[in-house]
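Chain lettering (A, B, C, D, E and F) follows the sequence in which the chains are written, and residue indices restart at 1 in each chain.
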Amino acid sequence: MSTSTHFDNRGQARMVDVTEKAVTARTAAASSIIEMNLTAAEAIRAGDSRKGDVLAVARLAGIGATKWTPTLIPLCHAIPIEGVELEFHWLTSPDDADRQSLQCLATVRTTYKTGVEMEAMTAASVAALTIYDMLKSVDRAMVIKQIRLESKTGGKSGEFVRGQ
Amino acid sequence: MSTSTHFDNRGQARMVDVTEKAVTARTAAASSIIEMNLTAAEAIRAGDSRKGDVLAVARLAGIGATKWTPTLIPLCHAIPIEGVELEFHWLTSPDDADRQSLQCLATVRTTYKTGVEMEAMTAASVAALTIYDMLKSVDRAMVIKQIRLESKTGGKSGEFVRGQ
Amino acid sequence: MSTSTHFDNRGQARMVDVTEKAVTARTAAASSIIEMNLTAAEAIRAGDSRKGDVLAVARLAGIGATKWTPTLIPLCHAIPIEGVELEFHWLTSPDDADRQSLQCLATVRTTYKTGVEMEAMTAASVAALTIYDMLKSVDRAMVIKQIRLESKTGGKSGEFVRGQ
Amino acid sequence: MSTSTHFDNRGQARMVDVTEKAVTARTAAASSIIEMNLTAAEAIRAGDSRKGDVLAVARLAGIGATKWTPTLIPLCHAIPIEGVELEFHWLTSPDDADRQSLQCLATVRTTYKTGVEMEAMTAASVAALTIYDMLKSVDRAMVIKQIRLESKTGGKSGEFVRGQ
Amino acid sequence: MSTSTHFDNRGQARMVDVTEKAVTARTAAASSIIEMNLTAAEAIRAGDSRKGDVLAVARLAGIGATKWTPTLIPLCHAIPIEGVELEFHWLTSPDDADRQSLQCLATVRTTYKTGVEMEAMTAASVAALTIYDMLKSVDRAMVIKQIRLESKTGGKSGEFVRGQ
Amino acid sequence: MSTSTHFDNRGQARMVDVTEKAVTARTAAASSIIEMNLTAAEAIRAGDSRKGDVLAVARLAGIGATKWTPTLIPLCHAIPIEGVELEFHWLTSPDDADRQSLQCLATVRTTYKTGVEMEAMTAASVAALTIYDMLKSVDRAMVIKQIRLESKTGGKSGEFVRGQ
């Protein structure tokens, strides 16, 4: 028997049948962290003063990515997305030496038979990839350090909140 | 003036004009690392014995993701992808206690006016996201630990190989 | 504070949360007008006599465009489209001198938490763009003169009918 | 015989064979004009002072639309887009009474066998539709007044510049 | 009057209005048969012993195709797919001389206002096309012999089971 | 070793590297046959007299499908399609008793490093699926009897013409 519900008992991939599952309100939040050099960090911070707003582009890319999740993730259901928000937070201050870390938190909502964890994970990933794309000319060595689910609510498996 | 070539000198986003750039052979390789518990790692290893091949699904998802890169990353050019390969390597052995780490290495090739770094980064990311999706029912706390460019060749900016 | 609900109170773009909104039957109708020379107008009218039916192609393009609206318009929700119709009407007679005007009216229906104004607007636009594409070889100077919402029903903001 | 090259001599639609056409550098520029009330115009102008940047969203939507042109316009070839820029200009001053007009100018570049007129037209249209979407809550009666090709260069049919 | 509900009474294509139809559980099953030479059949059977699993790729392609059905089939509604399974069966034994036949059976589920016949038909077709693509280098003359609806349940038109 | 070039020598799927292949003019032609009852056949023939032109819709669907081939077929390269034509021919006359057969022939052209066989096969399939969709209300038992490559030219593997 397979451990993953995405396979049947012969190990064959399938889109899991959710016909009988209840329609409930669901949310999921996922985060990504991207680490960069000071020049890249300054370019992002300068966006607030109208020199090209990297985070505005990354935010739209992350929102858009929730619409492409079932295209990217082969066995994902297409889910009616009812709300998406992306927040960016610096984990380091401009005075920190060397490497700077920026966190993206993506929150997605639906009312459906299955959850939006993958939509939140994909939004956080694509926002980080977009930041990399916008600034790879100033720091090609930039690294996405972490992508993870932070929390979810709704559905039979109930609430998940990541412990520290 | 903006530091990112994705903005003009008033800070307005644009798709950079590559009309004058030379068509050259280019490659890029990017990696992702996903960390999981022993149950999830066993499910992946069991795929080799026909209980549901998680990595085969993730590999196809990563290959497919190279075709969606210009859809996901707003200012990316659409590039004729001429070859894609994904390799998976365990960074830990089944006997290691606690958490297991799997690396995905995506290599992408083109002959075009601009490079395929974003295609390789997106392939590595989507492969990791697909593994998360396939196994989140056995380890919801699984974390993508790292996504980064490993190397690139071709184009005016020349070769890049990540130092250790 | 922002005037547009598509931004939060810090001016950051988001996909508006519609979780709490009621599911109701909704319709929207939008129109476009395209102005062309006599040769182009004759080519369209000749379509009725089997020399290549420009409006049949434009009608399918407009229907198809309703499916791409959330891809094109960044903060749009994906809405289950339940019906689409496109009508074309000449606003000028073949005997009118000089420029001829053709109107397209697109009507879209759904039963959902938010409306289909953008789907109707996009259908009317893409139908007009398709006519331009089909006939630009005979009249490159053709102009889309107007795209506007004509009416909507359903939802909290209620009915809208454009006055003259 | 059909007047449109998009039909064969029996009036049947086809994607025109461009195999024999020469690869040349090509550009196309198209414009759209959107007319709105003072409240909507103020919301756009306020975007410059960080209350939600409508034009930044519309600009990205227009750039993105060039990638979807062959999906939207049935008989269009998929063309390698090598550069896209969108400019917005007010045609009226904030002191003008009543209705305000904003122009969008989209410029698209390629090096290919056929031109990018439809990509430029689609970019200008989708930018205008996005502005409508962002501000329809403050002015549902907003009207797209005009979408037209402004100029093109390259290709066998040569240069086109719209006269006044 | 037109016989097809996809046209109105003037013969103009439309997306049929399903607003008033009842939401019910619906299933559809469709099959395809692909006929190939012994070398190609052996390559597929060898997939079970880890020499490259053609059917695993075809199965994912078929599942994915259900998500693209409204893109491919112009007047199709976009339907929330709630489950997809693909089964492959050999209709001939490895000892049969000459040509070998493989059947694909695709089953699709939804709870919606209209049925999933086209999603099942498209899944069975794309799975067969993918097998052709994977093995055309060893048997370019391979033929898809049959694609047909096998059964459907739910909706006003009720149950359909193909007779022999 | 694997027989299919779509797998490496460990049986892992890949997008085949075509970097070194020569750019040449290439064509491919594929056919499909759809068998239907007399009522469905009459509905198609009536399309010529303006009661709803089934074949015009199917032709556009087939042309459009060439653009979606790399999305549908997992390991396909995205190829610049330079021309597409679809022809429909009745294999039976209206006087033939019982079942009627309609053939679709799709021809696709490119100038690229790899061929367009899959684009032609997909176009012929989707045209047939669209006919099924348009007329399933009058003949749900309609069957696609055959999809196959008819011929190809260009590329290292040279010319292929199906024998009788």
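Keep in mind that, in the parts below, contacts are C-beta pairs under 8 Å (C-beta built on N, C-alpha and C of every residue); 3 or more make two chains touch, one makes a residue touch a chain.
Being a predicted model, the structure only gives us computed values, none of them experimental.
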Identify the chains in contact with subunit C as well as subunit E, in label order. A, F
Ordered by label, the neighbours common to subunit D and subunit E are A, B, C, F
Between subunit C and subunit D, how many degrees of rotation does a Cα superposition need? Round to steps of 5. 180
Chain centres from averaged Cα atoms put subunit A and subunit C apart, in whole Å, by 33
Using mean CA coordinates as chain centres, what's the gap between subunit A and subunit F in Å? 38
Quick one: which residues in subunit F touch 2 or more of the other chains? 12-13, 50, 53, 56-57, 60, 64, 71, 74-75, 80
How would one label the connectivity among the chains shown: line, ring, star, complete, or other? other
According to the definition already given, which pairs of chains are in contact? A-B, A-C, A-D, A-E, B-D, B-E, B-F, C-D, C-E, C-F, D-F, E-F
Which residues of subunit D touch subunit C in the complex? 1-7, 11-13, 39-40, 42-43, 46-47, 50-54, 57, 60-61, 64-65, 68, 71-76, 117-118, 121-122, 125-126, 128-130, 132-138, 140-149, 152, 160, 162
So in the complex, which bits of subunit B are touching subunit D? 8, 12-19, 70-71, 74-75, 77-78, 80, 113
Which bits of subunit D are touching subunit A when the two form their complex? 48, 50, 53, 56-57, 60
State the interface residues of subunit D toward subunit B in the complex, per the touch definition above. 25, 56, 59-60, 63-64, 66-67, 80-87, 109-111
